[in-house]
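A, B, C and D label the chains in the order they appear, each numbered from 1.
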């Protein structure tokens, strides 16, 4: 059976033009998707049943047993951490927030090690952006700063920017100037009209220099800034000022390097300054399929996009204090529920190691690195494959993921709802 | 030799990210890309192993030449191998130093570890699904 | 079978011509009925003021733009925090509260139905998800068409039927309620960083003028027989001297509908400025109200501002950027492909600023100079002018000349010279207020037939009982009591269930979403129009099949079918 | 009157304690105050041995002394307006935030957000202060607005971010971006600093040690002798990228260029 217009749940592009062929309840062919989509849909090996760790190894247990024990673990924890949420749909995320509120937990999503710093910058200066269709239809200058879409978002350039045919940009590539700024000469740098190689940790200085040049204060700038020649900076500033519609896309090159959110703030203020000359927008390339969805759900329910601490009964937010890596690094949490993510692989050693010291429960379709650190792993559906639900694209457009096949797994929203009901009084006082 | 560790995504890493027990994933995420000149200075060839050390710990990786990596830097895809040696300091922002960790790289003969072994080193117990 | 009898209620129900009669109200299974058995639970209203549930006809409480306002201001989120208590979830935020914050605070003030002021069709799914998380009010969504490419093409071809067909398809896809035009044409010009300066100026590339968009959309609206009229945010918002644009717009409004207005002009305070620069800006409320008083086919809402911090958020991208260049505070912008734009910036309205004081005065002048209260509704374009929790203060100001004088004394000296507020003696009465906060909205939105805005037999049992004894409170002198009385109801009943008692929420809500399904003849169904489909697939970044909002997003959807082209 | 609080050994020592109730004024009414351990409410006596010496009728005469392992106790001295607090060991985050008067002396190290959004009063930290020393809350336009913070040791990153008023005096070195987004007040760093005063709007900053990675958008306007610090300093105006009118004075020495 052919299923059309399927949404790939892997990365923030949420490409929604895939065609899948299914046979006997399994997906056998993927069309229009990139190789990441193929891997997501086809080689989808799952943990067959819930498992629990014993002294010597692992044993299979029933869903009811796993759910009840999870509720018991969370019920009497003094500072439980609920982490992940980015690869599942909005319905599960909402129940997660209700659980965190009910047991006075800290709830955080994967933006804390991805675009959390971009959120901090937006909270200082705002976010002049737009949906990807505006860029596709109008942009004649595209800047990729500190990101490598060819590797991380393979179809970004063909669906939304460089190679996309736009209403006002019918000749696509020929009418667009592509600038790539990075410390590394990536494949994306290979297709750029202008490649700016910045010294390590020098993004902030280069951005400040560009802002000064755009403000007409080029005289203040020295001959070289973080390894970039002043002439190249002036040339870039001219290209941007003369654009009809400019779009900056930035990635973890800004959020993870020295200065963290200050780099992103500087890039947003550059966009702001350019808006006094022409139309300019800026957007982060969000990594996970529905990480932006977890930000949106957390925000309309608690007021904050990530790192929310309910210990005092109210929602408290302070990245650096209530963020998952900090709470694990300080050994503060005494129980953890990991949903739809893999901190065992993505967190620094000291933070991941703490998960092994406390009762940790994982709810995820696949065996991952965190499984080894956990006490219980409950397999569930994978959003976009055998579970439908809402996901938010990297530019905020909400799309409904499709349930393409059924593999007999319970939806993680169902599992979380059962846990929530037990916590809500189903278990006595 | 002193380097700055840079991490990031790659298509092979993304494709194998949901199957961390596999050989493919291990090869992909334990590759350490170095500038060919640096590899010459270290006296190592493509595919030989290096021991990368930081105050947080050490890890054995496979060296691979890459033109795009500048001298003084090394690039490893995000994953348990790179994170085995990255500090959990977040400078009050919640974000660790995934792209500015200072490392020491030396050639070595030690074997590559599996993801399961890395997890067991930090207190976990490997689960080998059927 | 749940039965309630509210006895001893001092009811004002303008739609049914009841003005302060002591009576009983019988409720069964969420509806108002003739009578109930003696097993019914009895609520003694103690001769207190009892009104139909409040209706807000222009508020920003859900959707991408509002959530962006929360997302970018943790400093406001921490300014309004409350703990989880009983049925009440945690809330955060003062001028842009979280969804539960909005729902609880509106319920405490007796509001039971809200119209979300702006929803981009491409992001409608987000608005509906937040509707479900605003459990105590029935929700309706104004759907943005101001920069819609398909509409502008149809308008250029002067094809009202085609325009109506695009509107019908989009409203159904977005599960929207009415047509919203925000700075028509201007948001498309903002796609290139420009704006339009008048309603006769051409939109770049699309060769249509705002005037043409407005007039064609009004005709399409009536052709489809939509319950609500076109909901317009005029061009040139917030610019000194923009009153002329507003008057020009009012002049092209025909009278096409006997039952309700043909145009709903929103937050007109922001569009009633005389002068030419920020230095000599003055009030033109008299000119605007003279035009309204002579045109029964127009209904406006005040767009009142109140002093203090708040957040401006509107689809009018260019206006927000101009404001940003003045205030130099944070600025967010989110243009939506092929449809509209949006901008968000925090502002502080200060009594030290002559401009802000004049804006404050203009809002009140509009309400006091509009003869017929049904034509000027009490709104603050929440949160742009002020958070909705300040409505009671506005009611107090409108009912008490003394309160206005005391406030005017604390304002900038220029206020007296450049506005006529201080000279206005009129004091609105309880009946006027009931019109301007629920009855007027119900009529303007066309939801009277849905049982909203009145307490007649068969109406939805949405009732607000305020701790005010109209027989013993003189609003002109004791305005403090009026303000306090409207802040917290003794009881708020929603669809026959007591939802809030003395400001505390006591049930998990279950709200409904009203949306319009306008039937169009076969040949005008856009889903069969190859040209429309081709353009959609080529220039949108989502597939046409993934665009419409699925029914799962409206667990308690209330479809309103209209018969077009009769 | 002196109130001595000695922290008890706890089953879960890493659990954070939020003790905003520990301010001199509250002890006028006695010592049955409430604090939070993780998500559980505790009485003061559950977490501290409490000793009270003498009596006081006015809060300014109350001195609170914290002993034992207090490194995980947060928000001590919040909204403090008078009296004094002495912390013998290390102190947790948000010590002295929203402070408007009185003095806090920390003999050990202070965790992040020391003196957040201070209005007045004095904080003296003998050890090191972690990140965000003397700053504001996320999204606010102003950080510290008055009072004095003095750190004998070093600080972490973003010291004195959004400084709007008052004095911040760091005897040791700071991390990255001290004085970033500064808009008023005075920042003195006797040790080294990296990328000081990024995006500065106003206010003045003096650095006696070495500046690493000076930002390219500061305009050198001359030199000036600073007798109180016995140095001659290069005077910079900036941050030009932000139309800043701040003053950054760096002791004359070769600016080191190497990336840290």
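The rule is simple: a residue touches a chain if its C-beta (ideal position, glycine included) is under 8 Å from a C-beta of that chain, and two chains touch if they have at least 3 such contacts.
For clarity, every value in this text was computed on a predicted model and none was experimentally measured.
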{"item": "Pair of chains joined by more contacts [C-beta pairs], A-B or A-D", "value": "A-B"}
{"item": "Gap in Å, rounded to a whole number, between the CA centres of chain D and chain A", "value": "33"}
{"item": "Separation of mean Cα positions, chain B and chain A [Å, integer]", "value": "22"}
{"item": "Inter-centroid spacing, chain D versus chain B (mean Cα positions, whole Å)", "value": "38"}
{"item": "Two or more partner chains touched - positions in chain B", "value": "91-92"}
{"item": "Chain C: positions in contact with at least two other chains", "value": "72-74, 78"}
{"item": "Multi-chain contact sites of chain A, meaning residues that touch two or more partners", "value": "120, 123-124, 200-201, 258, 310, 317, 319-320"}
{"item": "Contact pairs between chains, per stated definition", "value": "A-B, A-C, A-D, B-D, C-D"}
{"item": "Chain A residues touching chain D - in the complex, by the definition given at the top", "value": "78-79, 103-105, 120, 123-124, 199-202, 204-205, 208-209, 211-212, 215, 217, 220-222, 225, 258-259, 262, 265-266, 269, 310-312, 317-321, 330-332, 334"}
{"item": "Contact set on chain A toward chain C in their complex", "value": "4-5, 7, 16-17, 90, 94, 98, 101-102, 119, 122-134, 136-138, 159-160, 165-168, 244-245, 272, 275-276, 278-281, 295-297, 299-305, 310, 313-317, 390, 392, 396-400"}
{"item": "Touch list for chain D against partner chain B, complex", "value": "112-113, 130-132, 156-158, 175-176"}
{"item": "Contact set on chain B toward chain D in their complex", "value": "91-92"}
{"item": "Chain A partner contacts - residues on chain D that touch it in the complex", "value": "12, 14-16, 18, 36-40, 93, 112-113, 131-132, 137-139, 176-177, 180-181, 195, 198-199, 213, 215-219, 239-243, 259-260"}
